[in-house]
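In the two assemblies presented below, subunit A is common to both, partnered first by subunit B and then by subunit C.
After this line comes the complex of A and B, so read on.
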């Protein structure tokens, strides 16, 4: 019998096997299962519950858009609501003030946010860590002021104005709703709730797919490399600035797209400043960061899990009608736990930041890997290098020490 | 002639207030290397503390002098608590600290909003009344702000440069390890820095709210937006330099007063423009790479 080299024979079979284990590992099977479950959510929820859950899908998209730039390249943005506002207002103005179809509005809104990403990203990314965070923090505040400044109208661009603090008066047309202004008119509440959910779900799939493809591509690897060691990236002849700006602009586009779809398919979405920036003008940006961090920075999937956590915590807290003991004695009126929203969510964010800085998804993945290895009787795999958070903070420490002129470690 | 003198006087007074606002922020960055995004919230806490003890909707009705004291103490207390309760445990993880101070800041101002609306029955959390410190006239109040601004900044510079604790603060700001080698307890120094910075923030909060007639739960980001202002001033002057911050405060104060004089629409935008220009051209600021001192 002729000796067979290990590469002959069942080559095709082994190749298929290798591909399947590589592509459809347990992790990915779980991910696909998760998406399928997310798609089946309407089967177990009442229409009113579904309406509030639909918003969680948008939180996922917003957090993903933050994660693409901050989680992967380590450039912390503190004002991602800037892009949400551009996308949301963009599509609203295109559809209500220029009378163009919804599809054009969504594309246009995404484009407006993308342009915003270029205008902000090109100068801002020349800056190092904390300075960048500062500029991104100021951007939405300036935008807010300009909504007030141009509340009466900008010639040609927004003839009816930006509406000031209370927002645009005319609601953007819905894709599916009860009533005559919607693109698809239905006559029952549950049908419209279902339709909105699946349109939002579709948008989530688009966002997930494109960001997943982007971060797992060779460009995505460069981004991770930038987070790990920017000098090394430069030394192999790649321009880190180009990649960072690309990630920033891509992230802006994703955020703008999500916000634009939200205006037409989201539950109770109005183009007002409170909706896009949050009542505290920066808190939408903070919520997005908290969500991505709870789930795990630099994972994309983490944002999905984080948003579920966030939405769940919000619902639970909103239902706690228990008075906090002692408050009545001090102030003479009582305060229930539900009244204190959003304090508990902020608290949850703080706790995760202090005790689980890597986030839920990476911790769970590693735990699962250990468990599997033990079942196969192998040595548990060593911790795979530094986590995204560790690298990001190492980068920041270097930059801050640089600014302070201290000797690095 | 009078047209020139009046804005100069206004600008001088405004700048003195700005200097007080920014100084606490500089201290924390200079010593701990921490960009404290909760600084604006500490300022808000100061104003709210004063409101609590001086207004009929609050808990007590004391004169505004007591409010000034309580506001300052409240700022110091909340800053010390933030350091001991949270920041101390994550001090070596700058990104976590950055995001945490951001979240803590929002936690605090939301807590103030909830307290005032749900418990104290304040109708509009954007309008929390605080009186000026010297009520008789605007000028007297401005003179008071100007005088105490220089007094306290002078005391701070003296404290940092001529006392043992101050020297230790400089040592820690230069090198954690070096300071540890000569037996300085960096923990203690950091706590002192946070407390002093918080006291400055609280004091600034009462003055700011008094000068504008009222505080607000969003006062840290509403014009003149002390949080953003501190950043602007500190970046202009160079991160971590006390001297730089004072100079930065005066530059911003003057630029703002004069641009508003020429074109009132530019309020709050000119200083941001200046900030962006500096960030892009000279991000290390005028007195950058200099430790507290």
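After this line comes the complex of A and C, so read on.
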């Protein structure tokens, strides 16, 4: 297929022009404003608040890494914490057990996660069907067990061991901190909090920039088409396996990178199983899915907004130590709203799914577009068909029916 | 009757080489378990012709083309495309070689408007690309929409299209891959007279621009104004080949269609 585009000569010029017009569109101006505001957050927060807010930036990156593969291709990963664990443990072991510099650790951690992505993705994604979901369900649990199994050490790779469930003994060195082990030593808490925030912010910009560029190229369209119908993608000369595998490996690298930076610049990062997998081994994997769906699956930007919602809800709910009336009478002990966490946050996710099925960002964009059209006195633009969540669910239903040998309606 | 038997003998000894046509199948065979869906079928398609590929329901038409276009590999036999052995290549590679097809069951991407459905077919099979940034693929996709008669509805969701519109979108999607040979599966199923004429015009103009078309249908009625030559199969084997006039009067073909009913 030799795609010949008309007027080849002036193509570069037109591309530059198209990018410029797109960047000055209202939507992107708002996006840039949002990023600037995010960069200005430290001016309005106390250092202690800033420290907890810094973690939200990592939630954003984790959710983005999930969105690149699952939000776009509809191949749901239920165990993205696998990559966070590989990245986080990778850099920690490289820096503390091999004594290499932080920079090498971050690159190495990213690489370890990428290799993990290749190992899971290549076999699972060459098949058409829900196999990736099955594999990603098991992978983090296996990794968890291997942390216990190799708690005393793996020759050459991790001579001092993986530390079991309580984590690695030696904390990874911070890029900036008060203590003497840090790369940049400061003597005031607020300077260290500020430094950590901006290092994390920089990592977010890297993640956001690379994933945004990838998904806005025509490759992004191919990914969403895979979510809708793989046969249609094949029939126009595109190899779905190649795109799916790349998206998955890229996603693994992004997740690993975020976790690696988190170990050295994060506020509460410590390489133990609870930090990387969540207290119940799967919580973190599920949380990133909820964040991406709240914000808008398959949008990248949605994950940023979703993480803000999620972080906000978590903080507000965590602060509600009001007893739920009636519970004490029934069960004999008091139960506060904060104790029910993470139920309220999951509830928030459900509410968004029902009332804003595309997620906050796409619904807001469409609302804005209609509003603008009405103000200009134009016909409101037509709504854009099926939502990503619906497509993904429909695809899974079809595939599972295929496996069970049942014909769809 | 004796003429008929002679003819069948003829057919069976026919052998094609790679250079006998733009698309050549030699002894193509497909078995599903014990069932033989395509039984050592051989045919050659000449450049820039419109071939009607005809047979009653279940004759093996779709299976034949699934084997040719790489949806699944044949059990035996060889497929030559432009003189090259392409047997068993995956579907997306066949598209790169210049063979495209439309589907009987449409698979529109329901999350995006018609024009973006067509635009997907213009996307390169590359992970890193600047294609599409300058809006040139969108312009091309819009042009294709207008050519196939979707100019007024290209910004709608494909689920809002009428049946004929879906067919046109399928056609547009196949055209967008810039094929040399296009396989059109049952284009006239469920269409009214006016719509049949519109689609016929589109396909004739494609041929005039150098494309080779293979049109699959279970009967020939709608195809008479379109095809140059017909190829009739039953139970996975060829029973007749010739101009539409010849085929209509062929006793074997008449028999295949409900024991002598006219087709």
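Operating definition for what follows: the second predicted complex is superposed on the first by the 377 of 409 C-alpha atoms of A that agree within 3 Å, B and C clash if a C-alpha of one lies under 4 Å from a C-alpha of the other, contacts with A are read in each partner's own complex, and residues count from 1 in each chain.
Note that in this section a residue touches a chain if its C-beta (ideal position, glycine included) is under 8 Å from a C-beta of that chain, and two chains touch if they have at least 3 such contacts.
Predicted, not measured: the structure shown is a model, and the values here were computed from it.
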Taking the superposition on A as described, I'd like to know which of subunit B and subunit C A:141 touches: first, second, both or neither.
first
Using the superposition on chain A described above, determine whether A:98 touches subunit B (first), subunit C (second), both, or neither.
neither
Considering only touches as defined above, state whether A:350 meets subunit B (first), subunit C (second), both or neither.
first
Go through the superposed model and pick first if A:369 touches only subunit B, second if only subunit C, both, or neither.
neither
Which of the two partners, first being subunit B and second being subunit C, lies in contact with A:27: first, second, both, or neither?
neither
Just subunit B (first), just subunit C (second), both, or neither: which does A:242 touch?
second
So in the superposed three-chain picture, is A:217 touching just subunit B, just subunit C, both, or none of them (first/second/both/neither)?
second
On the A-aligned overlay, A:131 touches which partner chain: subunit B = first, subunit C = second, or both, or neither?
first
Give me the intersection of subunit A's contacts with subunit B and its contacts with subunit C, in residue numbers.
none
Can you list the residues on subunit B that touch subunit A in the complex?
30, 33, 35, 37, 86, 89-90, 93-96, 98-100, 102-104, 106-107, 109-111, 114, 118-121, 173-175, 218, 221, 225, 228, 231, 235, 239-240, 265, 268-269, 272, 275-276, 279-280, 283-284, 288-291
Subunit A touches which residues of subunit C in the complex?
90-93, 95-96, 98, 100-101, 103, 107-113, 116, 119-137, 139-140, 155-159, 173-174, 176-179
Quick check on the complex: what are the subunit A residues that touch subunit B?
76, 78, 123, 126-128, 130-131, 133-135, 137-138, 141-142, 145, 149, 280-283, 286, 289-290, 293, 327, 331, 333, 335, 339-340, 342-343, 346-347, 349-350, 353-354, 357, 389, 392-393, 396-397, 400-401, 403-407
State the interface residues of subunit A toward subunit C in the complex, per the touch definition above.
1-7, 11, 14-15, 17-19, 214, 217-219, 221-222, 224-225, 227-229, 231-240, 242-243, 246, 382-388, 391
